[in-house]
Structures are given as structure tokens and as C-alpha cells.
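Look at the two complexes coming up: chain A is in both, with chain B in one and chain C in the other.
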Partner chain A sequence: MIHSMDVSELKITAELANLDLTGEDLASLGNEVEKILDYFSSMMEADTAGLAAGKAGSAANRLRPDVRTPGDADALLENAPELEGRFIVIPNVL
Partner chain B sequence: MYQSFIGLEIHIQLLTESKVFCGCTNRFGDEPNTNVCPVCMGYPGVLPALNEEAIRLSYIVARTLNCELSPRAIFERKNYFYPDMPKNYQISQFSSPLGRNGWIDIEYAGKPRRVRIHEIHLEEDAGKMIHAGDMSLLDYNRAGTPLLEIVTEPDMEAGEEAEILLQNFRRTIRYLGVCDGNMEEGSMRCDANVSINLEGQGLGRKVEIKNLNSSRFVKMALNYEITRQKELFGKGGKIVQETRLWNENRDVTEPMRTKESAHDYRYFPEPDLPPFIPGAEFLAKVDKGLVELPEARKARFVKEYGLSAAAADFLVAEKATADFYEQTVKLGAAPAAAAAWLQFDVRKILNRDGKELADCPLTAGRLAQLLSLLADGRIHGKIAKQVLEAVFAEDKDPGQLIKEKGWQSMSDMSQLAALVDQALAANAAAVDAVKAGDRKPLGFLVGQIMKQTGGMAEPRLVQELLKQKIK
Partner chain C sequence: MESPFLRWRNFLSDSAARKKYEDYVKAADAKVGAFLEFDADRGLGLVSDANPGADLAGVPFAVKDIIAVKGFHLTCGSKILENLVSPYTATAVEKLIARGGVMVGKTNLDEFGMGSSTDNSALGKTNNPWDQGRVAGGSSGGSAAAVAAGMAAFALGSDTGGSVRQPAAFCGVYGLKPTYGAVSRYGLVAYASSLDVIGVCARSVEMTRAVFDIIRGQDEKDQSSQAGGSGPAAKNRVIGVLGGNLGLDPAVDRAYRKTMDFYKAQGFELREINLAMAEYYVPVYYTIATAEASANLARYTGVRYGYRPDYAENPEELTRKARSEGFGSEVKLRILLGTYVLRSGFQDQYYQRAHKLREAIRADFDKAFGGAGLILMPVFPTQAFLRGQSGLDQFQQKLADRFTTAANLAGLPAMSFPAAVEDGLPVGMQFMAPAFGEALLFDAIKLYEAQFPCPVPPSYKPEWIEGS
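Take a look at the complex of A and B:
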């Protein structure tokens, strides 16, 4: 088992993600993140000797030809909460 | 007594049709958010796939810059939370970039210098943000376009040297056709880092400089920063490791406000992209993209065609010009004449009309034809210049133009001799003066004959005949 995540590490991670967490959030998130870490640590116990990351199942490179395949940009823009012309508008974050 | 250490981080946008991990169009200047799709907009459940042309162009640059090629180029997620990247991470390379340990050779202060390349990696570009009052406007057309980053070692010592390296690098990528190298439009961008220390003490504390939109600003910002650091050092002050921005209005660098934690990117391998393994077949395709570089081509032009260094320099500055030149010579033009015409007469017209050689009525075939007509004496020098103008104006072959306009030079000796006799008879005073030893009227007599033939007489022959007949 990996060490459970200590609160200071959680705070730094939250800060990197631009999240303002209250003491309450930290407590409940702490538990949830710990569960995720537990899950990863049990995965890490699996024997992967001889398996290189990314090699499994892909002997050849996975490439796509340099061809334009335009999608429906307008449909994606409809999901934006606010538009100014075709620009997506968000609160100023300098 | 101080030493300065300059390194550059150069980003170039690769000239592909589509983005690096999706099929959206890769093009500058389109309407905002027209070239976007679920992959580059960071929708859940999508699968990026590597653009084979983007990776080929990347390896072409790595080979050209003498890098060791990674046998397994790994893509990683660089995590950061800023709205210019809708995914909250940028796909980049970290642990195993595609190229390492290369170099660029330049000439600085009259000496050859080798600037080492630390690494070259392929990543996706971010979108564009416009800050407008209390809101920000986002355009994701650029998000996910292929961006190649070239990181040099801190091997340079002055702003001028960095400027030369950048110019040299720009010429190289334009030769390779991988990037148009337009720093104003941002297809080529450069951050610089510089530290100073007492001689022999090794690197100092590194200061990074951003917001450098031209190679001139790179030079100015670095020289400003070196002076600032030296003064600070001299006063016993402490240089802070920081990022500074070039202020092009005030010609100074200013500290940029950043959070320390912002540099903790928590790279991890991109699970959606397998490592890229360059095989023999791929590397053969890369080799096909390698070209003779400007410096080598210049040396060859001097040796093979007997050109001056200045003429060769002019011809190799743009690959299109050098290709045009060699094509003209291949079609039979004398190397010296073709070089001179391109360097002077053709360039003058192009500059005047604001045209590019690649996109004008003059072709290598037409220039070769013009020069051969000139060399054979079918037209003379002054007419040749007129023909060149006519090629630009009418988009026709020189041979055809000469026929249409009756510009063939008159070189039939008996015809010319008759004209000379007439002129001599009509200008007895001038003839006497020449006989008495005054050579000036000779020019007058040539002029009379040129006038009479509408400029078509071959002046060299007229002069010869005059000298023979006035004795």
C-alpha cells in the first residue's frame, strides 16, 4: 500500500488545479483521493515485468495521414456558455 | 571579467495541412473557432492520433540539427490549468524527446561557433486568448496545431550571437520547408535565458525572458539583461532566478508575476498515444526531406560557379532564388551572367513591383533564353533589359517578344557598313576631329547610327566599323 495522501499534498494539488478548497472539502476529498490511490496501488502490485509501457497491443506506430477532416465546429460552439461573435467568452483570468 | 551564458527556446509551427492529433485544419488567420473538433477541444472519450507528416517534419529538423534520434519518442501530458488549453494539459514530450544532443554551427565575430542543441520535442500549440476588460475571449483554432520546440544549451554570450543563431535557424527551417519562420505572426517564437558569472565560475542564476517578437528584440533584451545583471552583481546585489518580460515600448525587461507552483507540471505518459518508434521506412522518408543547407550551398556556388561570396550570399538567402539560379544555369546560361542578372536587374524589378521570384512571369527558362539571345548577339545589352521588363509586363517568352517588337539587333555587317558610310559622309567635321586625335566625336557618331536604327544596331560592331573606316 502507498501512503495515504497527506493534507499538504492535497492542498498543493488543489492549488495547481485552481481549486479553492475549504477544510470540509479537504476532509471529504481526502477520503476519496485515498480510495483512488488505493486502487492504483493494487494495480501496481500486478506483475508487469517484461511489459514496456505503451507496447502492449501496439507493435506498430499508430499514425494518421495529414488530411483535413473538418468537423462541426458550430455545434461545439453551441455548448459554450457565452459567445462574442465566434469567440468563447470567459471571466478574465490574467 | 564577467562571462554571460545565453540559451534559446525556439518554437516553430509546422507546415502541415491538419493539426497534430486531429483532422482540424492547421491555418493562420481563419475566423475564430472554425477549426475545432472534440479532440482539440478536450471532450471526454476522444482519442488523439499522431499526424504522420508532423512527426516526419519534426525528425527532418532533428536530423538537420545533428541530433541523436530517440528510438522511442514518448508523448507526455504536461498538466496546467489555464484556459488557452481546453484539456487542462498539453500533449508534449518530456522523458524521451524525439531528438537530443545536436548542434548548429554559426559564424559570430568572424569566428565559427558551435551552439549545442539540448533537445527537440514535438507538442501541441495552445489556443489564443484576448484579454478585454473583465472578460477573456478564446479562440481555439491554434489549439492542437503542431509545434516543435528546439532548446539550445547556454552556449552563446551576446545578444548579437543569439540574433545570428536565430536568423541562421530561420533560414534553415525555411529551406527545409517545415515552417515559414514568421516571428510577427508567431509561427516562430523565441524565449531566451541568460545568466552571468565571474569568469571561470560556471553558469550563474538563470533569468528567462519572454515576449520577444523579433530577432532584433531577442538581441536587445539579452543585451539589456546582461548589462542589468552585471550592474546588479557589481553592486553586490543578488540576481533572482525569475521570468522577465521584454517591454518593447520602454526597451527594458520587467519581472513577470508568476506563482512558484505554476512550474509543477506533473508530467506523465499520455495513455492515449503509444510511443513513436521511427523505423527504417520512416527514416528513409525523413532523409528524402533533407536538403542542402544555405551555408553549404553558398560554398558550392563559389566553388562550382566561380561566384563571389557576396553574389553567392544573395542567391542562397532564399531557397527559391537559389533553385531558380541553378535551373537557369542548367538550361545553359553562363553562371556569372545569370547571377548578375538575378542580383541586379531582376531584383530591381521584383522590389519595385513588390513581387516574389516564385510568383512572377519570369521563369528560369525565360531568363536562360534571354541570356542566350544576349550571348549570341541576337540582342544587345540595353535591349535585353527592355525584354526583361516586357517579360514582366506581358508574361511572354523573350524570343517571342523580340520578334513581335522587332528588337533583333542589327548585326549584318554589310548593312551596318552602309549605315556607317552614310554617317561619315553626313558628319565630315566629326570625322576630321577624330582623325586629328579627338576620340569624343566617335561616341557621337555611334549615337547617330543607333538613333537611325531605332537602337537596334549592335553598338560594339558599329564602333569597330567606325574605327576601321576612320583611319
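Take a look at the complex of A and C:
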């Protein structure tokens, strides 16, 4: 079945989503994910022949002049969890 | 015509009135829990030109805590953004402040807008002003509850699949979900970008209209925003209604009939419409919304801002821990679903198929609006539900989005209004209109309001709200 998700699929999905799932999460979220995917499978019964995927909104691209409009970088840095001068500290990158 | 803000004008400029108001909010919010942050002084500090003649001079309003206001927190109801302070202000809020409006506080919500109860907030609990044991609805539950209890003149919320209309219905106020693109999303934290729109909660149709007229319009900071113009003219007096068994609770069913009878008596023709795609709204909505959410929420890495774990060996672990410890379970669930439906090998079955069906849903409404000027339908199959076992579980809440998600999928405007009070709780109905037809919604609902004004919750009747 394409719509039911076993634990190994759930683990792969979690890894792609950058989430660590505990054993408890795997059980509770796994159940919920499976229930919803089962429900999504009702879409398979719809006849989509001749339908094209659309896109949101109908406005064409609007362009602005290519000039710098500097924002307030200091205000942004104030929200960084750890700073050293104007650098954001992260754990070792090897 | 009298300003809809009259009762609230210069409210915060007069010190006696202000004290009375702030004392009231403190006492009322101890029971309701609508606000995550309340600070009228900081709000007054954002008004640069305090012109006492401005439309909104001294009028206190509230903003859902997923919309940026400079100097206030921007938590999205999530532990991952609990300490984030916004360095800028959303366009919609800027426009209100420019008219003298005072942004007094940020309201509670389901984490990142994901939920129908506001119970998915990691940072606070919001009770329904009509019954403290019941939810205020969601995800803009704090905004709707604040307005219902008279703690703000109006409030902004966001509506991705019903998140303004449903809490407005649960709390007995008006809730507008504008046309997609009618209001700039600049400063609205993204959940599902092709569905998200900033909306309005208020206690009167004219106030809703006035706020919408201020916040709408094209914005260079939001590519998807559109001017909209004066919108379509009323084409006829035909209202499309839903037939068949809608699975409504008896109180909601009675309220639907009551509104139909009212409009019939006003000389409208009610015509049953066939929305062939209705059974697909919810699965299509959740497929698209979770797919977009999984991409939008990938930005929370714990590096530049937001929650950071105590310890991590390397940047990858830092990000995984920040997300796993920072997001609540409903958010994780939707990220997982969204990631799954976008995975190679599954994308055709889910995401691409949902997009095709979304086009069919749009076409369905084009057809319906070929005959009817407006569509009238319920907002939610139940009234405000109880917490715990006797309420609705998360899956049942998703299924119950079947009346609200259509407007988001089709990008159309919709507005919920208090249709009745049944068993001591409000019931909301909604009108949908063709794109940019907000004025049609206001005009139609105003007729109803003239006969059935906004109800007042018995325990929250400050003197400044009408009907108290």
C-alpha cells in the first residue's frame, strides 16, 4: 500500500525533516500519520485526468529597482542565541 | 455615518478611561487568557504621529502572535520562538498604527497556526469567554476571545484553513478571511504560503469593513499582494446553500435554517448548489498545507534565532535537537506529513494530485458563482467544544474543517458572523463571495446584524461594547 507508513519509512521521513523522534513519538505520531495518510488516499478515487496543477495567485511577477535597501542587521543579531562580536557561535564544524 | 470606532476613540489618550480599560483587561484576561503579551505603553510608543483626529486615534487593537510588531515578541505560540523579539512590523499593522491605532498586545494561538482550539499553544491556555471549560477555537483563538470579551476593539488573526472564521464563530464575533492577496502577508510568519491570509475579528460589520479597508492593498514587500480594486458588483439576489446531510450538530443545523429563513424573508432567492468536489476539501487542504509547512518550517534551525539546546556536538545535531525539543507534537506531525507527501516516489500520489484537485475546486466555485451571488454555509459542524475526552480529538478537528478550507483553497473571501446563541453558546455561519467581493459579504451580513446584533457573553460586559 502506498499510503500506509511503516516505522522505517517514518524514520526516513523524520531524518529528512531534521527531527529526532523518541520511541514514544514514533508510536504516537506514527499512528496519527498513518491515519491521515489513509484518509488522504480518498484523493486516489478522484478522476484527475485532464486536470493540470495550477499555481496560487494570478498576478504576474512585479520587479523593483535593483538597489540596496539595507535592513537593521544589529536588530536581527540581537535574537541570536550566542554571539561573539558580530559572529553567531555554533558548535564545531569539522 | 458614525465612525464604527466611536466608542473606542481616544480610549488610551484619556487617563481615567485608560485606567478603567487596563484594570478590566487585567481582571478579564486572568480568566480568558487571550493575551500572551499585553503592554499598552509599548503600543503607544509605536504611534509616531498621535493626531487625535485620526480614525483610530487611541483605539486599542490586538494582533495574533504570528504577525510581527516591532519590539513585541513573535512567539507563534511555540517554544522554539518563545524568546524572539520582532525587529520589524508587518505591513497590515503598520497601516493601522499610521491611523493612530494602538497595538496593545499579542494574542494566543495554536502553535504556528496549526489547530482548531488554541490548545496547541505551548505558551498559554485560552478559554472561551462564553464558557471557561470550552475552547475559544483556533488557531486565532486569542484574537477572537479578546474581541468577544471587550478587551480590544478589534484584532488581527491569520486564516490558513479557517483560523479566523472558526474562533470568531466559537466566540460570537465577526471574522473576515479576505481574498488571497488582498492583504499583504509581509510580517505574517509563513505556515502555508499559498493559503495564508491576514484577517480581522471585530464586534460589528462596519468595524470589520473599516479595518479591512485600511489593511488591504498591494505591497511591494509581498509579491502575492494585489490592489483588488472596487471588486465585483452584486450580480443578483441569489444565495447558494448546501443541501443534503451536512453532519451538523442540531444547534448548528437550527442556526443554518434560521439564517436561510432570514434571507428568504429579505427577498433573496435560496438556491441549492452542488459542490461536486466538497469531499476532497479536507484531504487536499491538509496535503498542500502540510507540504508547504514542511518547507516553511525548515528555517527553524536553532542557529540564527530561536530555541537552542543546551549542548550539541555539531551544527547538524544542534538543528535536530532544537527542532525536536522546540516544536510541539502537532507541528511535528504536520512537518512529517508534509515531508512525506513531498518525498520522491510519493509526490505524484499526494502533492501533485492535490494540486490538480485544487484546480477542480476552484473551477467548482467559478461555476457556483456563475449562478449565485453569494454562498451561505456553516463554519464548523459543532459549537465551541469541551476540553478533554468529551471534546473533539485532533483528527476529528481536521475533518471538521470541511466548511472553512474551501475558501482558502479557492483563494476566495469569506466571513463568519454570529448567527444565533443556542444553549448559551454562539453559533457562526459564513458567506463566501467571488474574489475581491468583500463588500458583498459586508453588505449581506449587515442586514442580518441589523436584526441580530453581535451577542455579548454574559460574564464580559464592559460598558464600551455595544449591547452591554
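Points to keep in mind about this one:
By definition in this document, the second predicted complex is superposed on the first by the 56 of 94 C-alpha atoms of A that agree within 3 Å, B and C clash if a C-alpha of one lies under 4 Å from a C-alpha of the other, contacts with A are read in each partner's own complex, and residues count from 1 in each chain.
By our rule, a residue touches a chain if its C-beta (ideal position, glycine included) is under 8 Å from a C-beta of that chain, and two chains touch if they have at least 3 such contacts.
All values derive from a computational prediction rather than experimental measurement.
Within the superposed three-chain model, A:8 lies out of touch with both chain B and chain C [touch as defined at top]. By the touch criterion defined above, A:66 reaches chain B but does not reach chain C. In the superposed pair of complexes, A:16 makes contact with chain B and with chain C alike. By the document's definition of touching, of the two partners only chain C reaches A:43; chain B does not. Shared-chain residue A:86: touches chain B; no touch with chain C. Counting residues of chain A touched by each partner, chain B versus chain C, the larger count belongs to C.
Chain A residues in contact with chain B (one complex) as well as with chain C (other complex) are 16-18, 53-55, 61-62, 64, 71, 76, 88, 90-94.
Interface residues of chain A facing chain B in the complex, by the touch rule stated above, are 12, 15-18, 53-55, 58, 61-71, 73, 76-77, 84-94. Those residues of chain C that touch chain A in the shared complex are 83-85, 87-88, 180-181, 193-195, 220, 223-224, 226, 279-280, 282-284, 286-287, 294, 298, 301-308, 312-315, 317-321, 323-324, 327, 329, 332-333, 335-337, 339-341, 343, 346, 349-350, 352-360, 362, 394-395, 398-399, 411.
Residues 16-18, 23-25, 31-38, 41, 49-55, 74, 79-83, 88, 130-140, 261, 264, 266, 269, 273-277, 279, 282 of chain B are the ones that touch chain A when the two sit in their complex.
Chain A makes touch with chain C in their complex at residues 2-3, 5, 9-10, 13-14, 16-21, 25, 28-29, 32-33, 35-37, 39-40, 42-44, 46, 48, 51-57, 59, 61-62, 64, 71-72, 75-76, 78-82, 88, 90-94.
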